[in-house]
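Data first, discussion second: the structure below is written as structure tokens.
In order of appearance the chains are A, B, C and D, and numbering begins at 1 in each one.
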Amino acid sequence: MKTKDHLEILRQMLRIRHFEENLYKMYLAKQVPGMSPHLSVGQEAVAVGVCHGLKAQDYVLTTHRGHGHVLAKGANMNRMLAEIMGKETGYCHGRGGSMHIADVKLNIVGANGIVGGGLPIAVGVGLSCQYQGKNAVTVCFFGDAAANIGAFHESLNMAAVMKLPVIWICENNQYGLSTHIKRTLAGESIAARGAAYGIPGVRLDGNDVLAVHVAANAAIERARAGQGPTLIEADTYRWYGHGASDNRSYRTREEEAAWKERCPIKRYVAGLLNEKIVTQEQVGQLEKVAEREVQEAIKFANESPLPDPATVTDYIFSA
Amino acid sequence: MKTKDHLEILRQMLRIRHFEENLYKMYLAKQVPGMSPHLSVGQEAVAVGVCHGLKAQDYVLTTHRGHGHVLAKGANMNRMLAEIMGKETGYCHGRGGSMHIADVKLNIVGANGIVGGGLPIAVGVGLSCQYQGKNAVTVCFFGDAAANIGAFHESLNMAAVMKLPVIWICENNQYGLSTHIKRTLAGESIAARGAAYGIPGVRLDGNDVLAVHVAANAAIERARAGQGPTLIEADTYRWYGHGASDNRSYRTREEEAAWKERCPIKRYVAGLLNEKIVTQEQVGQLEKVAEREVQEAIKFANESPLPDPATVTDYIFSA
Amino acid sequence: MAEMTYRQAIAQAIIEEMDRDPNVLMLGEDVGPFGGAMAASKGVHARFGSRRVIDTPISEEAIVGAALGAALTGLRPIVEIMFIDFTTGCMDMIANQVAKVRYMLGGQVQVPLVIRTQGGAGKSYAAQHSQSLEMWFAAIPGLKVVTPSTPAEAKGLLKSSIRVDDPVMFIENKVLYGDKGQVSDDPDFLIPIGKANVVRPGANVTIVSWSRQLLLSLKAADALAAENIDCEVIDLRTISPLDMDAILASLSKTGRLLVVEEGHKSFGIGAEISARVMEQGFDLLEGPVQRVATLDTPIPFSPVLEAVAIPNAAKIAAAIRAMFAGT
Amino acid sequence: MAEMTYRQAIAQAIIEEMDRDPNVLMLGEDVGPFGGAMAASKGVHARFGSRRVIDTPISEEAIVGAALGAALTGLRPIVEIMFIDFTTGCMDMIANQVAKVRYMLGGQVQVPLVIRTQGGAGKSYAAQHSQSLEMWFAAIPGLKVVTPSTPAEAKGLLKSSIRVDDPVMFIENKVLYGDKGQVSDDPDFLIPIGKANVVRPGANVTIVSWSRQLLLSLKAADALAAENIDCEVIDLRTISPLDMDAILASLSKTGRLLVVEEGHKSFGIGAEISARVMEQGFDLLEGPVQRVATLDTPIPFSPVLEAVAIPNAAKIAAAIRAMFAGT
């Protein structure tokens, strides 16, 4: 991998980290309306490891915990934050909010407030690419707990039977809300469920961005070559609660500390420094740039107008 | 196995065969209202092989193709046929018809017109037995095509994670309506999906009643011992179409002939005669008894009154 | 013009639109070589093959999801859900995704998607195969709900549904598939969505109905003509959006309104029509709007029970007579 | 009597009924030690443990199915579906199984099952977490639909729901969980299902509402009192079966009726009430029944948009004033 790739991967992880950390502060300061946002701090390696291998024509579908995925696919922070603050300049003109940020021009075709809601749609995006002979793959992110919902099964089966170019990325952050996945998931793992559909199931360290990248790229190539879907289970951890307001009564501070030790950014940076691929200065510079981008987005969002209430019924129908 | 078991197994298979064959004739003669009935001719070994090992306290849930299952659990033909004819004396007082025959006193707690509709309910019956410390298992029948619906996944996962005494019996008759299962099922087999939930998945010849019985009994014992569910996939074939009116354009007469060669009753009888467990006379006698039972049921159903239209809203609520 | 059945009209609409636009494709259970459980896509697979006419697993949620994903990325899918009762298995996709995604994304996408399905009772199919669930979909903003009652409507409305850029619930009726009628063969024969049709002009009372009950309403109107009750019969065609202009225009002539529907009486389509007439046409009313509908019971299997549960021409006529009793 | 919040009242109802009857158990996502996403089962797990308070996978269809199977075989389950929007994932179980199984089996079974969930907008939770879907369930025969608006109602209605032998959709409101009120500690404190309650007697106009909008209606009534408009406010409490006797009795005093609901205006509960009043109380009406409801749009996220989409006290008061304009 080239240095510029490493720098780009690091840059993207830092963008996500700074975006989410600032959003958390804004939430505490009561600057964010609605549900307490679902932050992805700690999970940056999955979003970036996967999206770094995607091309512009490739599609992404994300979840309620989707800020990292859309950033990694190239979304604009100004419009994201404006959306989260319910502003007219947001991606969805304030109609969607944190759980529905998408940039369709970047082929991010939807986030979802429904657990598992993106999976059936991803099947259709894959079908569409296959039908139209587009050389595009579709990445569908979902959480560990989503692996227990019926839509998971229907979607993985249908995509497999149609050999669609879909890559199923399960971010196993160990919990669905308060419930540890071990208490609700029968069977050995989520990855092992791939076999039920005759597709590869890969489990890996989701805090190792290069491991994610390598596995995702293999899946992307496989999909592009018409060999059908792959299921990847990436073990990771969300540092904050389910939403920013959750006090995490269901897990210990020790467990959290152990996972923070395995911070995907810290580990990656350590490796890069160690191998002298980047310098500490470069890292500091990227951090600054990321923080500046967020601060600009905050300014943009703050200064943006609210939607005109008279437009409330716009966008229901096309015509 | 004792001779009396063999005789009972044979008796039950013949009851089903004669019931369904007569129902087919009645359908052709336009004596049956509603949808053309879903006949289970050819699949008798699954119903009987499984139910022969059940005790009175054990539960059964069945499907749109359920006549065989409820007969094998001991249902009364008079009340079944009366139900199918929409009579007041039917099991459901004519409210349910062919797809909803159940005898709750026999612990047959429901049939279903929705593919996969029984599976989530079976989880609850299993949970209820576990909760109440009943030494009872729950058998849930479903078709091959039902293995692709979300409810299958949610149910198998939940029952497995709760270690419920549920036995999942998939009658793989190769088709879901017109569609061969190979065209819609990803992965190697339905049985192989057991692994996704960490439960045993067994595939067997569903036209071999003793093989079914042995496998089912192992699953029943396992469930009774608190070791959780088992998934059994029994390969079989429905001789008639999806419904009695279906002209089977989607499969060849040769394929049908080959499967009829493997008739579960003929094979079983041949084995019994060969090993001199029964005589040809005994078989003939059992056939006669089965036919007589059906003829009596037809008479009963024909002579039974229709429901009183004034009672149409009875049974919606308890109170 | 050619005579054909309701099911043939549907297949023809699909074929014509697939001929016209290579982005139209079809998905559903047994819709391929088998031609659909109601035989309403017979011949479509023979013409277009398995790439464009896709037999799916029994996976209602994924079927609608797949269609949605395709609609979001340049295709115009037609989905078949075999019975409207099975939309229970894809309600998340229909109500939370298909209906809302354009709005939630602030207009970034269009959803040109037709969900064909069929409902209705009258064939002793029992409680899980006989429902009329149009109100569920009408109640969700973001969906159009269309219900043809004749072969011509089936064709003209389906072609329009395929061409609009918004999601349409296209609800056929299981009893009507064999009905015959004259159907235009103009490849651009379109019946507009959102417009009701006065099928029978009349002076004394307005009957609003749709799908099979529309035909029974016409029967009732014939019977009542002999009693000097002149019924104007309106075929709603589209349930959502409701064509209140047509209803109010008729009401301003007749002063009386009966809604006839095969859905349950309580919380049905008739309730909304009645409420809107209350709000928008109160002064036009010479008497209360009445409803004839299915009893509030799961649909029973036995034909003798089903017959009393659902409307028929005699019940419709009786309801009309009662509206004139004492006048 | 003790002061407690709406969520505490719910937890207390559950605890008391589980104490009373060992066959009552609870299932749902995060309902155990965590106490539920709305904290409405806080303390239940601590008292009864994991055998009777079961954290499930995210599998809405199987959750309701599991409860149904348990209800059919001797237990009395309480299920929590975290948001009413997620009932889209278990509509087959609710509408085709739970609601119909007793009927389809000709009365062979009872279904003592409570499905607790919560709906409503007002918190900027956007389109997939803010719906008021009571009409979907009211439209399905075989379900009772109950909607408490205060802590006392939450407790009394929930206890009744747990004790009836039929399935109940028990629909809480997300904005009300923190509301405080006096609640009886009588272990047999039951509020009957199917009976509405006159919360505020009045002479000039009747407002019918439920859940959060009931409280906003009371606010509007206070404001209008200063303008010499004396509102009678009825809390429906149960949506299905509808207590038409209470509505008609009030209407016969006031002659005017406004229905206030947080569901979309079209095809909502108000439509049914209006239609029934049309049929059963036409001569009582001094003017048309009116409805204040949510606009027919997916619920927007941005607070400024949501505020115009849903009803509030000012809109309710304005609608009442309009009913008297020109009189």
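The rule is short, and it goes like this: a contact is a pair of C-beta atoms (placed from the backbone, for glycine too) under 8 Å apart; a residue touches a chain by one contact, two chains touch by 3 or more.
Nothing here was measured: the structure is a model prediction, and the numbers come from that model.
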Shared chain contacts [chain A and chain C, defined touch]: B, D
Distance from the mean Cα position of chain B to that of chain A, given in whole angstrom: 45
For chain B paired with chain D, centre-to-centre distance based on mean C-alpha positions, whole Å: 40
Between chain B and chain C, centroid-to-centroid distance (C-alpha), Å: 36
Touching two or more other chains - residues of chain A: 92, 94-96, 100, 112-114, 117, 148-151, 154, 157-158, 161, 183-185, 316
For chain D, residues that touch 2 or more chains besides their own: 56-57, 59-62, 85-86, 88-89, 92, 96, 103-104, 126-128, 141-142, 296-298, 300-301
Chain-level touch network, classified as line, ring, star, complete or other: complete
List of chain C residues in touch with chain A within their complex: 25, 51, 54, 56-57, 59-75, 77, 92-93, 96-97, 101-111, 141-142, 144, 164-166
Sites on chain C touched by chain B in the complex: 29-30, 33-34, 37, 55-62, 85-86, 88-89, 123-129, 295-298, 300-305, 307-309
Residues of chain C defined as touching chain D within the complex: 85-89, 91-92, 94-96, 99-100, 103-104, 126-128, 135-136, 138-142, 240, 242, 263-264, 266-272, 274-279, 282, 287-291, 296-298, 300-301
Residue ranges of chain B touching chain A (in the complex, touch as defined): 148-154, 156-158, 160-161, 183-188, 192-193, 195-199
Chain B residues touching chain C - in the complex, by the definition given at the top: 33-35, 86-87, 92, 94-97, 99-100, 112-117, 145-146, 148-151, 176-179, 183-185, 249-250, 306-307, 309, 311-313, 316
